[in-house]
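Look at the two complexes coming up: chain A is in both, with chain B in one and chain C in the other.
Right, the complex of A and B next:
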């Protein structure tokens, strides 16, 4: 077979033209040299390709846009929560102990400060749990800042969106022809004819493609952090930077995974077009099909009661409470009239209402628990797809996602218990109070005084907790990556370059 | 000749294993998303039916007009299974009463707020993303592969006109794409028939046909785009790479970026806050004026022998008094006439304020739509929302029907003289009044202001107390006290005609057709100059 040197690709030329003669040079060629040569060649090729620039531009544009929109969202959420805090403070100013029973005490989950890294659903899940102490009022779980209801809620353009959508396709675009394309061009046969290890060629290709993705990603990450910081919505503290760095690491690891996948598929096909087609369908399966099926399965395996069933349960709770007290409830008089018989009716009615409210609150909490379990199951099933697994890792490491929602609910319920205890003590201190808790008309009319009630302060997950909760999923992804790397290497070394 | 080329193209594409896998994925996804959507629809339908039944039951139990607040519930749209649009996102319940003009709906079944939304939530999204990609896969090397295989030069040499060749390519590709589209539609419709708890009307079938047509127009554009790329680039892999970048940008990234931009940067929250503050200020002013009016007559506020022993209140200024005197009820009647008049005036002022805010929200929506025009997927989504009846225009139509119903209700109440009669606030019969003093054997005027408390303490006597409780229970359960509302107007929100839906979908559908025309012209021009060698 005759090769025309001018037609050889750069790595082959550089391996042969080292000035010492091909036969003597090859055994002495260090692994680093081969890898570096292939790396330089591949990077050079990528830098001249439309695919690289398109992917890099798209990734950068998305990350910058994500920084701006997440800052706007953060500000909007913070303003919405500040409104609630102010309204609450106004209600508390000059309020009596009795008023504290009917005031809705808000527990607020602060806007997620690293939403530009990984939002983890925080832009959509409820962030306010308003809990009145009175059994006659219901708690309300909602979002503090309402969006424009006429517009669909936009999917947050966080780094993970860029990783799942653009970085993955970018990797496929860069590497789909890395093996089969060279085979078509004839250069792979020549490369394989040289006495160099195949893994070094693969390593060079891998490192080159990974670098081509990592550079725009890291550049986008740094610039988006700076934009968010300059807009005043993100403080570049050590902890925030460390969490962002963990998010970036997850992105870099994902990029490596996608490159390995593209190299594997390219090593299993004979034609770049088929390789890209297969990768595109794999992408569709991983990013679209698996999450859709996971939601379907989660809803089947962990069904939620319907509204009608909940209403029935609520009605049954009311009946149960009424039966337990022989239908003696729901008799309320104005205090000035009820004092006549020492609030006899009201004390009984209060016990019925408290029992009813406790039963109904149990139903509400069970429903919320069911929703969380369903959501966790959907996430777990979706983790069968590597992009969703990366999302899961990033959420756990940075401290967002469903775990943050669960923590918020747990802390908000604990806050209510603390509030009840405090108001109970304040009411007990007034001997003139009828002490029918927590019914406004029958409690102490004394003023609450300055700063009498505990305030809700959400405790974020610590970095250590995040790392420890992510261990299993990290292990799973590490195994997937290793398996993929081994498969890619095996497929490449056995590739028929002829 | 054309038929032969179309058949050859169709068979060639079907032999491609990638396309077969793509078609299979489409079917799996269509089945999964339709199952989820149908399940959601059925839940929303149950919530709607329960809501209607519950509100009707509550209405029948009302005993005074001030509590007569029919709650109108928006019926979920069955075609939301094909395009969810804003059908489930926007509220569904509107309480009709004097003191507010319906500006938005609240409540409704929202599902699990913690559950991730699947990326392809309905058939429209599947067509846009997956079939859009398949269209590019079909077309990206349709021309170059023929040239490389040598079949083009041969056909041209045999006198096959270029136009026929190109038409064959396009029709063959479209036929190939119609196969998974028809499959996905059939799977969805089969799930409808088996699981959807309603049957489609003829209008809904027509609109479904319109949706299928809009999907095909979209796929035709994606196919033409693929052909243009194939004509413009010589290497197959290069053509596919460019096609994938175009798909990634136009179908996946652009619509989401536009949505996020519009949602986060449109200042909707500020607009709503301002509007809410203005409305709250107006309502506070109203309440202050009404409070002053109530206090103008001491009989209405001071605890006396005339005062009603039992008082209940509900949302939207609903009140119900029992066991009061005639003098007390006359005084209240004078007040409630004023409250109704003032309340209606302030309702209009608050509505005007809300409309100003709604106009800003609509402007943001229009901006988002205008920006999204750059993406064919967004055009498809908008057109199919209008055809499916799940657009914000359908929601606005429902609100307009609610406002019209409110006027009907006001006319009905005026016809019943409800605002001027005692029945607005009490179900005590004028001929059989039982002021609380009667339980103690006294007439209201016999109780002097300074003695009210001392006399009232006599209810501490167990026998008197239990007699009062018995009377209260009797009044609560007395069916004769209920309002007769059989002649009350019924809410109607007639379905828009298929023509209306088509008219509303026309701008976006025309946008898609325009893109098709543009792409077709570009492909034909390029193909004329294209050398087959």
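Right, the complex of A and C next:
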């Protein structure tokens, strides 16, 4: 057998011909070199594995499918709202000031244009609040494009779905054996026998796994944006791109978190199947159990009145209004008769109805407020689960989710006040009107005129407001990530490879 | 030089795995550490690799204390592990390149790696084959290629002949002897006795964590090694 070193290249031979100078023969490897070598090695291993390609394909396919479905959802909502707008415009054409009292003035929450990034439940919550000014009519809160409520509501295929479900599963599949698998195969002992700090091995493994998830995720993000833009439902403006970039950033951060979690569990177990079992349990707890429990707990801690209780409260409001006016009211006459005594009965009846409507409106607002508080509480409780926390961050940053619903209700109520003021001024300009607002028969019959009524325009949250509202949850997730990274490092460096 | 000074290890469960081991392997010397399973051989290896901390005593590689200066000690140490210890989906060449690069070995060309693989007796056509297609003998040769590429002065070989067929074992012995001739200090753990007489410059017997016997090459030549080993593993004799 040949055992001749003379064929080695000059730099290597010079080391080997160094007599007995072995002590200096193995130079210290630079940190970057080790991390880069481990990184390349791990990426190479992943590229040879079915798990990587399966996760990458699933992620890409889901994000592309999400782009198409969100475009369809966007178009359906936009069409539904356009129908309402057109019907409203037709109703206003030729209407009088008095008509404005009974017309339902719609406030529309526009479909979220970046629904492919994060839907935030926007497809499930009402987007139309129709408010007549008359106390005799009730407002209606509903969805513009009504769905069949008997159909099961599926989770929207947005980027957050990919992040919470696919990225987490992908990270667990890729990394569950990153440490214990090497221990089982024996390579970890050989790695630990090399003159390198253990953190460099972990850093290389972490970066490789993260890259393996980040690349298909970012590719899916770019392609889905292009699909949405080409379908005409998304303008690739600077602001939209920035919001999308924030959503992608949340995804990359989540991927890093899931990889760290998988590395930690792999460093705490002795074989890959145990590691995968633990990670599967954690996944079910984080993605299924905690959100479900948070909803149950929110219902318990922030209960809502039942329909029967609401009906009782409504009836009580009517009685209260009646009592306050000593049973007066509900005495309406034709204007030509009422004018005789200066509309005395009608003015009183209007005050009774307005009082009743105000009391009942307060009950409705209390109910809506309670629903919002319940939803916020459920979201806060669910934030114990990192995937839900990421969802919260992404929704806050992009200006969707519960905050958008709350903003819509606030703006819609403010719009009604502005509308009332406008109609009040139009009515006041007609000296012939009895000025009993807002009761159609006793208001100005003049046309609304060329100066149209104000139209509702939803003001989206600005990027600055989004970043500001997300600060606390970002801080919480940053702390969780740091803690996880420190734990993974500690577990890995103390791993018994012997 | 590989040196153990009163090296002891007691595990948290109270088991004394190694009891005041003293040994010194000089450059150009092969020290065979013999003993049955559970005698403490793996503990010795783990202590020299810094994978576990000694409860007493010191493990030194060329004067570098493994416990206090593990990086320097590992820089001076190359290790051949027992069993299949490579990435089985990677080729022989890729495995060698990875462990050499990550271990801070000198920058080598493709020819350098191939030269080393040839030196350990691996056939040319196997260089790009996946390790999963290899038998234990070829894998052990790859392990020795990693050891060669690192070119460290102290070598730890853990059961190098375990599961290896006689022909491959003979080739491994030849490589190990050449490493000794190049001035390496080799600590070799063995369960089988068949290669001890040929390999060992000195040999020590471990039994339940204690070194119960030490022999030089000369002494080994005239000793009924098999009988001694059996007697010790049965636990019937005390240290001489």
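Following the convention adopted for this analysis, the second predicted complex is superposed on the first by the 463 of 498 C-alpha atoms of A that agree within 3 Å, B and C clash if a C-alpha of one lies under 4 Å from a C-alpha of the other, contacts with A are read in each partner's own complex, and residues count from 1 in each chain.
Just so it is clear, a residue touches a chain if its C-beta (ideal position, glycine included) is under 8 Å from a C-beta of that chain, and two chains touch if they have at least 3 such contacts.
On a predicted model such as this, the values are computed, not experimentally measured, just so you know.
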item: Contacts of A:307 with chain B and chain C, given as first, second, both or neither; value: first
item: Touching partner for A:474 - first (chain B), second (chain C), both, neither; value: neither
item: Chain B versus chain C as contact partner of A:193, first or second or both or neither; value: second
item: Which of chain B and chain C A:45 touches, first, second, both or neither; value: second
item: Touched partner set for A:299, first chain B, second chain C, both or neither; value: first
item: Partner touching more residues of chain A, whether chain B or chain C; value: B
item: First, second, both or neither for A:37, with chain B first and chain C second; value: second
item: Partner chain in contact with A:272 - chain B first, chain C second, else both or neither; value: first
item: On chain A, the residue positions that both chain B and chain C contact, one per complex; value: none
item: Touch list for chain C against partner chain A, complex; value: 27, 42-43, 45-46, 49-52, 62, 71-72, 74-79, 81-90, 94, 98-99, 101-109, 111-112, 115-116, 118-119, 121, 146, 150-154, 156, 171, 174-175, 178, 183
item: Residue ranges of chain A in contact with chain C within the complex; value: 1-5, 7-9, 11-12, 15-16, 20, 22-23, 25-29, 33-34, 37-38, 41, 44-45, 48-49, 185-187, 189-197, 201, 496-498
item: Complex contact set, residues of chain B against chain A; value: 18, 21-22, 25, 28-29, 32-33, 35-36, 39, 43, 46-47, 50, 54, 86, 89-91, 104, 109, 112-121, 129-130, 133, 137, 140-141, 236-237, 239-242, 244-245, 248-249, 252-253, 256-257, 259-266, 268-269, 272-273, 303, 361-362, 364-365, 368, 392, 453, 456-457, 459-460, 465, 469
item: List of chain A residues in touch with chain B within their complex; value: 50-51, 54-55, 58, 62, 65, 68-70, 72-73, 76, 79-80, 83, 121, 124-126, 145-157, 161, 165-166, 169, 172-173, 176-177, 181, 271-274, 276-278, 280-281, 284-285, 287-289, 291-293, 295-296, 298-299, 304, 306-308, 311, 331, 336-337, 340-341, 371-372, 374-375, 378-379, 382, 402, 405
